[in-house]
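Pasting in a structure now, in structure tokens, and then I'll have a few things to ask.
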Amino acid sequence: MAQGKGWSRDDMAKRAAQELKDGFYVNLGIGIPTLVANHIPDGVDVTLQSENGMLGMGPFPYPDEVDPDLINAGKQTITELRRSSYFNSAESFAMIRGGHIDISILGAMEISEGGDIANWMIPGKMVKGMGGAMDLVAGVKRCVAVMDHTNRAGASKFLPQCTLPLTGRNCIDMVITDLGVFSRGEGEARFRVTELAPDIEMDEVKAKTEADLDWSVL
Amino acid sequence: MSNKVFKTAVEALEGLTFDGMVVMAGGFGLCGIPENLIGALRDSGAQNITAISNNAGVDGFGLGLLLETRQIKKMVSSYVGENKEFERQFLAGELDLEFNPQGTLSERIRAGGAGIPGFYTKTGVGTVIAEGKPTMDFDDEEYIMETGLKADVALVKAWRGDTQGNLQFKKTARNFNPMMATAGKVTVVEVDELVEVGSFDANYIHTPGIYVQRIIEAKCEKRIEQLTIRERA
Amino acid sequence: MAQGKGWSRDDMAKRAAQELKDGFYVNLGIGIPTLVANHIPDGVDVTLQSENGMLGMGPFPYPDEVDPDLINAGKQTITELRRSSYFNSAESFAMIRGGHIDISILGAMEISEGGDIANWMIPGKMVKGMGGAMDLVAGVKRCVAVMDHTNRAGASKFLPQCTLPLTGRNCIDMVITDLGVFSRGEGEARFRVTELAPDIEMDEVKAKTEADLDWSVL
Amino acid sequence: MSNKVFKTAVEALEGLTFDGMVVMAGGFGLCGIPENLIGALRDSGAQNITAISNNAGVDGFGLGLLLETRQIKKMVSSYVGENKEFERQFLAGELDLEFNPQGTLSERIRAGGAGIPGFYTKTGVGTVIAEGKPTMDFDDEEYIMETGLKADVALVKAWRGDTQGNLQFKKTARNFNPMMATAGKVTVVEVDELVEVGSFDANYIHTPGIYVQRIIEAKCEKRIEQLTIRERA
């Protein structure tokens, strides 16, 4: 569904979905990450966690199934599956903090070359709070950030250092933007370009990236 | 047995409210909030309340009721996005706000109830949350210390409760309620359904009655914040 | 049931039972404290906690009720009551450590005048472990120790300082021995004699007590 | 879905055992112990095991099996009273022993599973347990720091489990099992009854399947340590 150059929001979600492996327990953030659920590859069976206290998040309810006592972390009404279980918030975050969730896919405002992420506040604007974002990036085994590569003014969001207050330090393993995929293995300090979106040239990526990446060939 | 059952939310808070009190209120968004007890707390007229609650309700509902009447002096929360009156008071400097990461908040409440005055977590390391907090390294990684939280009164919403205060919660309405039940000096619970002792299978009680001092049965509106549905094919 | 001078084991248990108030949640230790359950006053309804994970401990089972999955902290088979609930060990000790149990009645080898208790090990002898004793004395709101006033050699077990390794420091609120009751209010440093067992004179108590008590009149 | 169900205890431990491994084993006394998995661990021949378990079984049963074969190098327990072979090896200096207060042990295991590397407790202050441990004062009271515990493999006994690893425990056989399930790098569970996914009410699952990597159905002897009964009138 790519429109013109690079990836659309839905393309990014689809690419992020390829990071899901069979049997994974997965936490999806708000925004583009929510779309990931629509693109889970065939034969890959994952269990979605909702940090307000549920494993096995099901689809939105039919009108006659709506239950005000069953919502997700985005406060939307949802349904349960045969595999579902409920638990309290302390147990939910024990699960997150303890490294039991295989992967978190989350939105970002800025990512630094050292894997820092900023996605919860903009100084001077009303701050709504970090919710569970700081716990997720600190605790989940593998964190994949999805964001536009540049802001509306065209400035890079992949930076040497985040300019916004951090959500977490050195915690992002992969960044998916409209221009491509940037990843680093466990223990690796720097990100590499591991994939380019359609019709995107490396030169464009370099021009739009302030972060110092490992620019070796794909 | 000393009687734990009260008739109304107002009676259940009798003698427990005072100016400057610390209150915990369960719920995530508007799901699983103690609606009737919040109303009774408003009616008590207690001022300068510190409210520990993951969210701050919405305008005119949930903790929004207590914001309208300016009874809340300080909120300890993880996310307060859905409340215009909150925003107005905060920007006007009329309201204190302490943000806690959601998992840190829930663990702090559990710790408070469990006699644990402090614990270390990786959550928030390198962020504003870490400022001024003691740190310690474990296996060469830095962690920050967070403290346990308690309340003068914990307001809890459960699904079913028996007359001894044993509780069961429904689906995601469980959220912060079980921990808060353990962290109140006095814990007051409202349930959809009050049942006789012995109605529950003892294997499946979420909160044992030891944590519950007062309980009422009360009807909740259970307002839905984001109705999302799909159509049948 | 007193035989001759002072209190029997059963008398001490009966006296300890008078510390139970209606609605209390109670933890009873092994030995004499176990007997307390037989003496709960009429009209006083208490809930017994078993620290292996149960509130509402019931009596021993009839032969056809025995369930190997239902035991108390002394590893004896027991039964459940209508009010009972089960929980895991972390929750059980969260309950204990968090001060939710109203009273613990436990045996002691030595008590110091400052309210220290020793009841878990004798150096040189095989040590079996403290089990939950250290958690109970540190966490329960009010701790009542029950013990013989002197050892077999006639030496006082109520001492200026414990000679045995401590189970807990400054945590005992009342001591019940075969000679009487010794208690201190919250925040009080010293114990007072608050009750004498039948046919026991204060002089005998003084002679058999090495601890420095507040010896003001009853 | 990747398959979690194994046929036998021996198959369920395949590839997980090694010399010097740290094992957690659930149970309180002989109640709720993973009998079959302990047998399979013995059969694996792994040596120099550190075993974290509230008790050490009895002679010839439970962890007693692994003591007989000298496969255990160190025990981390709160009470080990019922085992002569244990006593012999300990007094002969053949076995290391680390006593933990029971509540400290259970909280350390919960902390290990919950990503909490350290927490403060009043338990043990002023006793040998406090020796060498960091302390901190909160509200002018002294507390000691205890650390989180993890294991290479956690052996868990549950009542019923489904094929996704969701678990329910029975009565006091629950004890240490749920925390240990969270603290194993790999958690292996034996259940009395293996059921299809969807058999449980999602409100009453004690351990969500996320913590369980392998599961078997196996018959347990369930030996009783102290049979105490009363006669019918």
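To keep things simple, chains are lettered A, B, C and D as they appear, and every chain counts its residues starting from 1.
Note that in this section a residue touches a chain if its C-beta (ideal position, glycine included) is under 8 Å from a C-beta of that chain, and two chains touch if they have at least 3 such contacts.
Keep in mind that this is a model prediction, so the values were computed, not measured.
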**Item:** Chain labels contacting subunit B and also subunit D
**Value:** A, C
**Message:** Need the most distant chain from subunit A, centre defined as the mean of C-alpha atoms.
**Reply:** C
**Complete:** More contacting C-beta pairs: B-C or C-D? The answer is C-D
**Item:** CA centroid of subunit B to CA centroid of subunit C, Å
**Value:** 35
**Item:** Distance between the centres, which are taken as Cα means, of subunit B and subunit A, whole angstrom
**Value:** 29
**Centroid spacing, where centroids are CA-atom means, of subunit A and subunit C in whole angstrom** = 55
**Asked** Which residues belonging to subunit A are in contact with no fewer than two other chains?
**Response** 80, 86-87, 93-94, 96-97, 139
**Asked** In subunit D, what residues contact two or more other chains?
**Response** 107, 110, 114-116, 121-122, 169-171, 202-203
**Message:** Taking the touch definition from the header, please name the shape of the chain graph: line, ring, star, complete or other.
**Reply:** other
**Request:** Please list, in label order, each pair of chains that touches.
**Result:** A-B, A-D, B-C, B-D, C-D
**Asked** Across the complex, what residues on subunit B touch subunit C?
**Response** 1-2, 110, 112-116, 162, 164, 166, 182, 197-198, 200, 202-203, 205, 208-211
**Prompt:** Given the complex with subunit B, which residues does subunit A contribute to the contact?
**Reply:** 50-54, 59-63, 66-72, 74-78, 80, 86-90, 92-94, 96-97, 116, 126-135, 138-139, 165-170
**Asked** In their shared complex, at which residues does subunit D touch subunit B?
**Response** 107, 111, 114-122, 134, 136, 138-139, 143, 147, 168-171, 202-204
**Request:** Going by the contact rule at the top, pick out the subunit A residues touching subunit D in the complex.
**Result:** 22-23, 25, 45, 47, 49, 55-56, 80, 82-87, 93-101, 139
**Message:** Quick check on the complex: what are the subunit D residues that touch subunit C?
**Reply:** 28-32, 54, 77-81, 87, 90-91, 99, 101-107, 109-110, 121-129, 159, 169-179, 206, 222-232
